[in-house]
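When the chains are written out, they are named A, B, C and D in that same order, and each has its own residue count from 1.
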Amino acid sequence: MTVATTTFHVRYAETDAMGIVHHAAYIVWFEEGRSHFMRQINFPYSQVERMGYYFTVVEVKARYHQPARYDELIRVETRIGELRSRGLTFVYHVRRAADNALLVEGFSKHVCIRHDGQVQRIPPELWERLRPHVMSS
Amino acid sequence: MTVATTTFHVRYAETDAMGIVHHAAYIVWFEEGRSHFMRQINFPYSQVERMGYYFTVVEVKARYHQPARYDELIRVETRIGELRSRGLTFVYHVRRAADNALLVEGFSKHVCIRHDGQVQRIPPELWERLRPHVMSS
Amino acid sequence: MTVATTTFHVRYAETDAMGIVHHAAYIVWFEEGRSHFMRQINFPYSQVERMGYYFTVVEVKARYHQPARYDELIRVETRIGELRSRGLTFVYHVRRAADNALLVEGFSKHVCIRHDGQVQRIPPELWERLRPHVMSS
Amino acid sequence: MTVATTTFHVRYAETDAMGIVHHAAYIVWFEEGRSHFMRQINFPYSQVERMGYYFTVVEVKARYHQPARYDELIRVETRIGELRSRGLTFVYHVRRAADNALLVEGFSKHVCIRHDGQVQRIPPELWERLRPHVMSS
């Protein structure tokens, strides 16, 4: 697996007065995309936290192509864009499931920290689990 | 079908600094519960809106029993509690899927309006679709 | 002071596809109302948490009268409805500042707990600070 | 005025299980920053919409330096980074008011559209109002 794909319906609360999904909702969907990625490699992020580590967000970017609307079935495709000793980047493509149209694309950069905020190496057992899924360039 | 059941994972964005799901997130889950209910009876709420009607919320109540946590699989059970000519009440039970524990229960009362805010009778084709699913008392 | 009043503008993200404020946003505004209340009595809730206590939410209710819209100035009035040894109830009135119209009213019930979830008495120094502000019946 | 500055307290709902403000909340704060900017130049965005125009979001980026926490007073500084005939870019600096620390910086790119999604020139009366506030390079 290089791409983890999760689907869900647009919630009404995620829409705004333009009648479309609010742009901040996609940032939450990105996060759900990487949560799903971690579940798919059998290393759920909740387990990362139980080990005392966090993937804190240091950067996020999104480009908006087409709007999603209430009740549409959405597909979020999540990949690892880059894996380094102390951090990683997830890359996202949000599509409308009905016609596969690309709605939004983006990425999030993360640094591995302990709860005190100190930057750490990604623990080896996790790093080994992530490595096979890095996109080949 | 009297109960529509939908499942999803807790999103990280739905947690708060207590380490548990924020209490307002359940109100959004209630809404997703009734969206799912409408999809299950083949009358999605997006179709209600395309017909020019809205089920505006006039009251909502929630009782919180146990907290949900990030990544847990959640099950929302949605029923119609009451169906009247100009409105209806949905009843919700939010459970942790792993052990079926009741986390939160609540209801939302809705009135059928047109976009101008005028109260309307629920259109007959929708009312007939809803009626068989009303909880027997 | 019996009533703590806070004002803010409706954020675009708080609206939904009906063109009005989403009903779950008011639950967040209630919370901001009680945060403001606690700041006004010089016992901010952040201090309560630093002491190791939480006012966990056990019940919330809202009745919706009129919708708020993007950019409107909102006023939230927060009172203590009931104060008991191990919990309290906040009561809220959300108004449109321009004409004082009542938009939404509601309450939230809280129980005082420690982080392990054990119910506790409200610590005396906090209880004494809250008591003068309880609504007389 | 080149910089519009707005302040508010961190809401509890904006925190997450790491005990800090969730990264998507800053995207909403950016939006509140530009809402405030538009109010400051006496051309509130609600008026833009009443004229039939929207500044749809085509790109957003945020870099996270330090976390905000519940109840902290936040200051959002908003500038126009670029103004073009059919769109504009807002630039944001989110600071902790207590010590002026830079927490998050970012930008959002917008295109002017009508409700049908057609790209439009920014209407002249608005463009003239915006132009004096563009950052000099």
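In this text, contacts are C-beta pairs under 8 Å (C-beta built on N, C-alpha and C of every residue); 3 or more make two chains touch, one makes a residue touch a chain.
Remember, it's a predicted structure, so these values are computed and weren't measured experimentally.
K.L.:
Shared interface numbers for subunit A and subunit D above half of all numbers used, same, or below, different?
P.N.:
same
K.L.:
Applying the document's contact definition, name the chain pair with more C-beta pairs in contact, B-D or C-D.
P.N.:
When C-D is set beside B-D, the one with more contacts is C-D.
K.L.:
CA centre of subunit B versus CA centre of subunit D: separation in Å?
P.N.:
Computed value for the inter-centroid distance: 33 Å.
K.L.:
Can you work out the whole-Å distance between the CA centroids of subunit A and subunit D?
P.N.:
Centres of subunit A and subunit D (C-alpha means) sit 24 Å apart.
K.L.:
Distance between subunit C and subunit D based on Cα centroids, please, to the nearest Å.
P.N.:
27
K.L.:
Going through subunit D residue by residue, note those that touch at least 2 other chains and give them in order.
P.N.:
In subunit D, the residues touching two or more other chains are 12-13, 17, 24, 28, 31, 49, 69-70.
K.L.:
Would you pull the subunit C residues touching subunit A in the complex into a rising list?
P.N.:
Against subunit A, the touching part of subunit C is residues 12-13, 15-17, 19-20, 22, 24, 69-70.
K.L.:
Enumerate the contact residues on subunit D facing subunit C in the complex.
P.N.:
Counting only subunit D, the residues touching subunit C are 8-9, 11-13, 28, 31-32, 35-36, 39, 44-46, 49, 69-71.
K.L.:
Quick check: in the complex, which residue numbers of subunit D touch subunit A?
P.N.:
17-18, 23-24, 27-28, 31, 49, 54, 56-64, 108
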